[in-house]
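Listed next: structures, encoded as structure tokens.
One chain, chain A, links the two complexes that follow: it is found with chain B in the first and with chain C in the second.
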Partner chain A sequence: MAIKRLFVANRGEIALRIVRAAQALNIETVVAVSDADRDTAAARQADRVVVLGPASAAKSYLDPRLIVHAAKESGCDGLHPGYGFLSERAILPRLCAEYGIAFVGPEPDVIDELGDKLRARAMAKAAGVPLVPGSDCVATAADARREGDRIGYPVLLKASAGGGGRGMVIANNGDEAEAGFHRASAEAVAAFGDGTLFMERFVPQARHVEVQLMGDGHGQVIHFGERDCSVQRRYQKLIEEAPCAAMPDHLRAKLHQSAVDLAASVSYRNAGTAEFLFDVQREEFYFIEVNARIQVEHPVSELISGFDLVQEQIRIAGGAPLSVAQADVVLSGHAIECRINAEDVHRDFLPSPGRITRWEPPTGPGIRLDSHMATGAMIPPFYDSMVGKLIVHGTDRLDAIAKLADAIDRFVVAGVPTTLELHRAIIAHPDFVANRIHTRWLEQVFLPGFGRKAA
Partner chain B sequence: MTAPKDSAAQAIDDARALLETFLSSGWDEMHVVSGGTEIFLAQPRGGSNPMRMAPPVAAATPLPAVATPVAGPQFEVKAPHVATLVSVLAVGTQVAAGQGIATVRVLDEESELTASAAGTIVAVAAAPGDLLDYAAPVASIVEAA
Partner chain C sequence: MTEPLFPEALKTLIEEFTRSGIRELHIRKAEFEVYLSTEPSSAVLRHAAPAPSVSPAPASAGSAPAAVQAAPAATAPAATAPAAAKALPDNAVIVTAPNLGTFYRAPKPGAANYVEIGSKIVAGDELCLIEVMKLFTALRAETSGTVHSVLVEDGAMVEGGQPLFALVSE
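Coming up: the complex of A and B.
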């Protein structure tokens, strides 16, 4: 049954995005806030606001019982978790089901399966999705050499019991694999009391690519192309693009099919993203994980497809079938998004909460801003520091870069430092323009030079 | 829809939330300046307090005084989180310190709100069945003289 009143269990730009999507579908909205978020854009825009608890996320946005109680008692028949917070915790859809509320997301069992790395890998393998080539347990140095030769160098030797990089060694040839076995095994015994190792191909220069999926929960799954999110710092994405311009067409079709097959194998319902490591040199991709929610970077896929993904996930949660067939999803142009954080890039990205004294974003054709900020708005210190996402759509990648540069130049923000200046410098860098980037590019190549110039 | 809180209660809540944020952050130190309030938090490994090193400044604006009724100080019992009010004692009821004055419910779990001091209920701000916001007032109590 179609949702009539939607509970928004999130904050910031995504709460506002969900409220607007619901309003476009003539659905009433109730926004849940913490004490620190009473006066936010989403709260003002919603039909009703419920204050869950104090500013602390653990006592507000992260308490599933308070959230489902507030949704039920405010007469909501649907609940959207956004991203982050409880969006991928099965307890939330389980409570929703118990109290008769439609959850905008996958079945709780599917969330559990996809959230378990080993089970997700097994599912991917069963669906024929490529995984990073690797070994079973490696017992001796001779085994390590034999497995390394088979997998292809460089390889990573990893402790089975490991984590945090301990007991991890990179080997570039057979001799290093044998020597590395002894070192990694000894480290693993010292750190974990268990010297068992396994091996995996190491991709020194990988891209992060991901496929935007939408499933109806009955086995129908379509995709909206792929994104390239290789500009990362400490595994946090800073810039996302669609499509991945570095991917050859024959591989792109295979990538999309792998992602669709994987989601269809669990009759996936909702928007989801299958993430892959793309080895540009070898022209191979390997499955990483599935994110069972709408993602921060969904707007780049919306811009190249002209399709509203948040509205679609709300419709599907209300029992509707997919409103578009794969053949009707037409992708055009190139989109780039930059995440604007209130951080001081010259002080090791120190989060800088405070009040925005001037907020004058650019407007124009092909420019989209997803933000809950305005002049006078407050960024509380309790949550993440993202203040918005600036997204542009151009005819091709270079056109999009030019549009983004112009948009950033016209963006006036005062009161708190933001990462806009950093984004402006990244997209002007010759490596970014020539699309010679990889997941370690920002930290290894760009930031050291950026720091020197700024100092 | 949302009840404004007095500034002293707000400041305490904010400080508590800041402390929780700090403790779960792994940061060495945290320095917040907002309006007339300045807070510095540090782990033993963190830096020294910049407020101590600064030259002495005029005392912060005193908090607004709470009006004191003749019968003794008045306080409010508030919702500790979002919850549905199940029942509340009537105006005029005399209560002991620690006594339950209202019952609230979250899903199928009920809990009691208690009076922090003995006194008389002089106002009730919500009705059974109401969905209470966090910090919404439930009842006002005048402390026994």
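Coming up: the complex of A and C.
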């Protein structure tokens, strides 16, 4: 049954994005806010606002019972979790089901399956999706050399009880694999009391690519192309693009098929993203995980496909079938998004909450801004520091880079420091322009130079 | 004045005063005296033992839920704090909901309410229940005093920070 009143269980730009998508579908909205978010753009735009509790996320946005109670009491028949917070916690759709509220997302059991990395890998393997080549348990140094030879170097030796980088050794050949076994095993015994190791191929220069998926919950799954999110700092994405210009077409088709096969194998419902490591040298990709939610970077896929993913999410949650067939999804041009954070890039990315005294974003053809900010808006210190996403759409990658550079130059923000200046410098870097980047590029190559010039 | 009647009569008086547009009202009768004013700077009576002086917008009114717009919900709008909440005695203490939930005045259906208007309470006394998905949490008074008014209907959804009771300390 189509949703009539949608509860928005999130904040910031995505809450506003969801409200607008619902309004475009003539659906009423109720936005849940914490005490610190009473006067936000989503709250003003919504038909109704309910205050959940104090600013602390644990007592507001992260309390599933509080959220579902509020949704029920405000007469909502649908709930959108956004991203982050409770978006991938199966308890939220389970509580929704108890109260007859349609959850805008996958089935709770599917969320649980995908959230468990080992089970997700097993599902991927069963669906024929490539995984990073690796070994079972490695018991001796001789085993390590034999497995290393089979997998192909460099390899990573990892403690199976491990975590936090301890008991991890990189080996570039058979001798290093044997020596590395002794070292990693000893480290693992010392750290975890268990010297059991396993090995997997180490990809020194990998790209992060991911496929945008949408499923109807009955086995039909379509994709909206891939994104390249290789500009990362501490595993946080800063810049996302669509498509992945570094990927050859024959591989791209295989990537899309793998992602669709995986999602179809669990009759995936609603929006999801299959993430992969892309080894450019070997022209291979390996499954990482599935994110069972709409993602921050979904706008780049929307710009190249001309399709509103959030509206489709809401329709599907209301029981509608997919509104497009794969053949009708036509991707064109190139889109780039930068996540604007209120952070001081010259003080080790220190989050800098405060009041925005000037907010004058650029406008024009091919420029999109997803933001809840305005002049006078407050960035509270309790949540993440993202103040918006600037997204551009160009005819090709270089055109998109030029548009983004121009858009950033015309973007005036005052009151708090933002990462806009960093984005401007990244997209002007020769490596970025030539598309010679990988997931460690920002930290290993770009930031050291950026710090020097800034100092 | 007998204690239980007093707050209700005063509440009615304040409501009428607020509606009337009169800027100042001073009533003195036997042992009873009340002074109402819309001027925040106006004189406050210091004599006359129980005489509560009333200023129209104590700081506590600022904590009333801000935004409840064009409520589409079938349930009552959450901000039910009546006009009286805006015109409470200076020494009134507003008890607010710690989080969103359903407000219950009694420990179970059919039981007596935890408190009534005029009830004398001491810090730690239970005032009401706030239910979140069948989890009932008792809300306890942080100060001692007399219940001056109950600002929310039994069984209504309340939001985080919404005023529930006004207490008058001794």
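One rule holds in what follows: the second predicted complex is superposed on the first by the 455 of 455 C-alpha atoms of A that agree within 3 Å, B and C clash if a C-alpha of one lies under 4 Å from a C-alpha of the other, contacts with A are read in each partner's own complex, and residues count from 1 in each chain.
Operating definition for what follows: a contact is a pair of C-beta atoms (placed from the backbone, for glycine too) under 8 Å apart; a residue touches a chain by one contact, two chains touch by 3 or more.
Computed from a predicted model, the values in this text were never measured in an experiment.
> Following superposition onto chain A, is the placement of chain B relative to chain C best described as a clash or a fit?
With chain A as the common anchor, chain B and chain C collide in the superposed model.
> Let me test your reading of the model: by the given contact rule, A:5 touches which partner, first (chain B), second (chain C), both or neither?
second
> When the two structures are overlaid on chain A, which partner does A:70 contact: first (chain B), second (chain C), both, or neither?
The answer is both, since A:70 touches chain B and chain C.
> Given the touch rule stated above, what does A:88 touch, chain B (first), chain C (second), both, or neither?
After superposition on chain A, A:88 lies in contact with neither partner.
> Answer with first, second, both or neither: which of chain B and chain C does A:30 touch in the superposed model?
second
> Give one of first, second, both or neither to describe whether A:49 is in contact with chain B, with chain C, with both, or with none.
After superposing on A, A:49 lies in contact with both chain B and chain C.
> Looking at A:143, would you say it contacts chain B, chain C, both, or neither? Reply first, second, both or neither.
Neither chain B nor chain C is touched by A:143.
> Now that the structures are stacked on chain A, which of 2-10, 20-28 or 56-64 shows chain B clashing with chain C?
2-10
> By the touch definition above, which chain A residues appear in both interfaces, chain B in one complex and chain C in the other?
34-35, 38, 48-54, 59-60, 63, 65-66, 68-70, 73-74, 95
> Taking the complex as given, what residues does chain A use to touch chain C?
Residues of chain A touching chain C: 5, 28, 30, 32, 34-35, 38-39, 43-44, 46-54, 59-60, 63, 65-66, 68-70, 73-75, 95.
> Please give the residue numbers of chain C that touch chain A in the complex, ascending.
Touch residues, chain C against chain A: 65-75, 78, 98-102, 131-133, 135, 157, 159-162.
> Can you list the residues on chain B that touch chain A in the complex?
That would be residues 1-2, 13-14, 16-18, 20-21, 24, 30, 32, 34, 80-84, 105-107, 109, 131, 133-136 of chain B.
> Mind listing the chain A positions that touch chain B in their complex?
My answer: residues 34-36, 38, 48-56, 58-60, 63, 65-66, 68-70, 72-74, 95, 99, 353-354, 381-382.
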